[in-house]
Amino acid sequence: MQLGVIGLGRMGQIVVDRVLDAGHDVVAFDLSAEATAAAAEAGAEPADSVADLYERLDAGADEGDDGVRIWLMVPAGDAVDATLDDLEPHLTSDDVVVDGGNSYFEDSVRRAEATDAAYLDCGTSGGPAGADLGFSLMVGGPEWAYEELTPVFDAVATGPAGHDRMGEAGSGHYVKMVHNGVEYALMQAYGEGFELLHEGRYDLDLEAVARTWNNGAVIRSWLLELCEEAFREEGNDLGDVADRVEGGSTGTWTVQEALEQEVPVPLIYQALAERFDSRRERFGRRLASRLRYGFGRHEVPRKDE
Amino acid sequence: MQLGVIGLGRMGQIVVDRVLDAGHDVVAFDLSAEATAAAAEAGAEPADSVADLYERLDAGADEGDDGVRIWLMVPAGDAVDATLDDLEPHLTSDDVVVDGGNSYFEDSVRRAEATDAAYLDCGTSGGPAGADLGFSLMVGGPEWAYEELTPVFDAVATGPAGHDRMGEAGSGHYVKMVHNGVEYALMQAYGEGFELLHEGRYDLDLEAVARTWNNGAVIRSWLLELCEEAFREEGNDLGDVADRVEGGSTGTWTVQEALEQEVPVPLIYQALAERFDSRRERFGRRLASRLRYGFGRHEVPRKDE
Amino acid sequence: MQLGVIGLGRMGQIVVDRVLDAGHDVVAFDLSAEATAAAAEAGAEPADSVADLYERLDAGADEGDDGVRIWLMVPAGDAVDATLDDLEPHLTSDDVVVDGGNSYFEDSVRRAEATDAAYLDCGTSGGPAGADLGFSLMVGGPEWAYEELTPVFDAVATGPAGHDRMGEAGSGHYVKMVHNGVEYALMQAYGEGFELLHEGRYDLDLEAVARTWNNGAVIRSWLLELCEEAFREEGNDLGDVADRVEGGSTGTWTVQEALEQEVPVPLIYQALAERFDSRRERFGRRLASRLRYGFGRHEVPRKDE
Amino acid sequence: MQLGVIGLGRMGQIVVDRVLDAGHDVVAFDLSAEATAAAAEAGAEPADSVADLYERLDAGADEGDDGVRIWLMVPAGDAVDATLDDLEPHLTSDDVVVDGGNSYFEDSVRRAEATDAAYLDCGTSGGPAGADLGFSLMVGGPEWAYEELTPVFDAVATGPAGHDRMGEAGSGHYVKMVHNGVEYALMQAYGEGFELLHEGRYDLDLEAVARTWNNGAVIRSWLLELCEEAFREEGNDLGDVADRVEGGSTGTWTVQEALEQEVPVPLIYQALAERFDSRRERFGRRLASRLRYGFGRHEVPRKDE
């Protein structure tokens, strides 16, 4: 099979490598000539532009093979629309476009409706760490297109069990959005546990705790393995890691959708709010502190103290 | 009526003043001679010691008046026990002791059982600001003792409606404990609202918002009047008030009791947790931040950045 | 002054009554002829239609009085747009339209931009219970229009302190939205406190607790007066009031805006989630219960048990 | 090595089996003769009583082997104290007693101080499902005793990496307590995610979602494998599993300790509160619903509706 890959950042490069390793052909393009050259070195056929990539795929298609297959691995948002704008003049209803990025599911629904090609929204989890093991792929879109791309998904995922078609257009990114919401909560839950152990009554070796838990305890998980790694690499006190958690867009989408569906998600909400909290002075708490003076004449801590 | 008052801090002094204003006699004692002198200046009869206070009350009692009445307004905890130790040799079953402080309700139950006197645990709300208006008094203990002290309670409270007997020993401080848990949540709820207004889309005069709300809106309250005052006195940005909320013992008791009773109190818990949060670096969030690197190679903010 | 009022439900009728009581003239219209007739009986001039109402106001305007003033008190959403559609052909830039309903602030911004008239978005709090006391009015829109309507606002509000101009278009409904978010949290906070008292160690008279608190305690408020009333009218166990809390739109808007602004509002969120929770079976908890069997072979409660 | 095992429930039997499989000798006792007989059938030497078990271990000890080793796997609480009372007359400072149950860590500290034997508190995670794989063992107590028992821990755990000495007396059960707190939060976090997927926009096969996530996604874990199993065995709608989550003691201990340490654990708290919530009518929400009538004359849902 032949696959075009547009977007050769860390994740895109892994897709290229895994598809090549599985014995397929890849035509690769990135706005950065350097990234394209790196893909070429890995064995992909380089393209000069989106149009060039399409032509090369089209030319390479066997007779009787009606369409081309393109995997987008560009940043969610405008970059996806810009790439699709470049592709649109070439695309036919026999072609399949996969968006492997972290797009908002409603954008994916809109794009699927707008394009002539079959459009697969593909939530991709596993991060750069998944280079060897493969990713988990949650795919939305037409069944025939999902089936046609199966060899590629087999290569990029952890194997046949690591990818599945979730449902209609948007469902892949929808499931990935919820995945990320859960991820926020899991991270914070482990964080609470280790914070209590760190501040608590015993002088504990947190890496040893994580390792012991990872070998047979109910809460063992990949994230817990990453906790173990974090204590090993940063030390028991986490060195100079700051109390500041970046990110938040997919968690915000999850909470917004939960509001829409009237589904309570207090843990996911709280995990998201903790991120916001870590990034700002809290006006509301400053007011609460001042109110304690208001009714009880308690001393108010001031900023320069 | 004649009342002994032990403990002449801000709150104790208010009790003395209000009882004197109502035409009763007061014998006053504080470990600080200065505080005792101030009470004397206000019209109370000063005592040299707890024993001296008891004797003066006993001597002053009319014939046929069988007991003395003493109001403790000392800090919750050991100071209450120490004062009761000093009183114990003198107390008879005709005497009434009121603990007007913020004692833990189980301590009050224990003290009520230990003493020969009738023991009233009296939750007192309103803060120093209640000097003019009077306090809200939640009283636990024997009915006859509550009734005997009614003239005093009428004087100290906002009037007859500002005090009531809640039930058996400990119930006064129990209701006060829950009052304070609710107080934490109310403060944080107003804080969230004003934080959103402060950070949000419009450039608002928060004192004007609070004033407008206080005049007829559903959420009008005394705490909201204190918000209005805070913005007036500190400015729209709350000046140099720090993001650090002190205190927490009564809130902690409330959550502990709710755990015991298996009653969910998520808002009260969260309001309490916000106080803890404002006073420490969060190890758990530092771990979460490091995990984002673990799976996604996201950059980790470091402390010196 | 002469005011047109469109929408004569419970709240609209109160506006009519209060404006008439203040000595102003009212032209009133409602889709229900009955409601219009009731307003007429109260002293308003009835109109047959939105167009008729406008004409009557226009005719009644003094020479030199350049515009008409209309207060909309119709349900938020389509009804506001429909009414404005009817008014639009008549409106001039000298006219002032007030939307006193619970509109979403972005709708108000849009409507203000779309109309030729000066548009005031007016958050109204106090509920039908405010009939006697007057409302709290949070007004957004052009300053001249706010000033021109001041006599009306004085009449409808609790007095001059009960209304204020918050800022530009939308700010009135924005502040009202946040007001309601805080309201959700306050209600739930009191609910938690009374739940703990109800389930806790003492057999308490909750009406007496609320009354005692309302007389001098830090947490005294109008909502707490309504708690007192609720226990008085429904009984200490709240009779047959169901564990089901309706509503949620303004709370949802508040949380959405807080997500947008990255402001943590965990108490408001939780209060909203409690409403959702009260209205559905929780799939997530069913899963958690089943997981306890998965790892611990704990028995799973089944629905028919 | 020779090990005595007291308590032959599901977990105790697994300990017996795994220790026997590793080639060690086991003397077994349970208050149920049937359970003791089952252990005998599996290859253990049966004992008639706690005293008999001790004697047999003592007799079987090689010359030069100074002490006996006993593993308790009885329900946390009084049963542990009762067993220790029976053992106490026999125990010497050369003996080692392991408490493998879910005891409260402060009880373990107390017991360690009270007994002449070396006392190891051993948090055991993995549940009956860990029969084949082995458990995760978190051990507190004297280092020499932990080292002496290492062959047994190797057998019962997943291997050397599945057990570790956390620190002094109590630390094993302390770490296990926090493990369980985290477990509550993880379960609820997955529950929220699947609830949103179940109620959300797409008609999803939740088993397929869980399987896809378990193969390479960031949130893969053993609990997520149990989710997959739950959907496979109960169906996509979880059949007749009730919205009622039992248990809560270790989660309660975790929150209590976090209050003591002033460490915020909002996710763990909320997960615990959800369990309480699933088991009771919420008085607080009933009050909130009634308040909506109080200020807004909103209709109040009644129980028989």
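A few remarks follow.
First chain written, first letter: the chains are A, B, C and D, and each begins at residue 1.
Everything that follows uses one rule, which is that a residue touches a chain if its C-beta (ideal position, glycine included) is under 8 Å from a C-beta of that chain, and two chains touch if they have at least 3 such contacts.
As the structure is a computational prediction, the values presented were derived from the model and not from experiment.
Touching chain B and chain C at once are the following chains: A, D.
Ranked by how far their CA centres sit from the centre of chain A, the chains are topped by B. Taking each chain's centre as the mean of its C-alpha atoms, chain A lies 50 Å from chain B. Each chain gets one centre point, the mean of its Cα atoms, and the points for chain A and chain D are 34 Å apart. Centroids of chain A and chain C (each the mean of its C-alpha atoms) stand 41 Å apart. Residue numbers of chain D whose C-beta contacts span two or more other chains: 126-127, 188, 190, 192-193, 195, 199, 218, 222-223, 263-266, 270, 274, 277, 282, 295-296.
Chain D makes touch with chain C in their complex at residues 10, 126-129, 187-188, 190-195, 198-199, 222-223, 226-227, 229-230, 234, 238, 240-247, 266, 274-275, 277-278, 281-292, 294-305.
In the complex of the two chains, the chain A residues touching chain D come out as 125-127, 130, 133-138, 140, 157-159, 161-164, 166-168, 170-171, 174-175, 178-179, 181-183, 185-186, 188-190, 192-193, 195-197, 199-205, 208-209, 211-224, 254, 257-258, 261, 263-268, 270-271, 274. Of all residues in chain B, those touching chain D in their complex are 218, 248, 252, 255-256, 259, 262-266, 269-270, 272-274, 276-277, 279-280, 282, 295-296.
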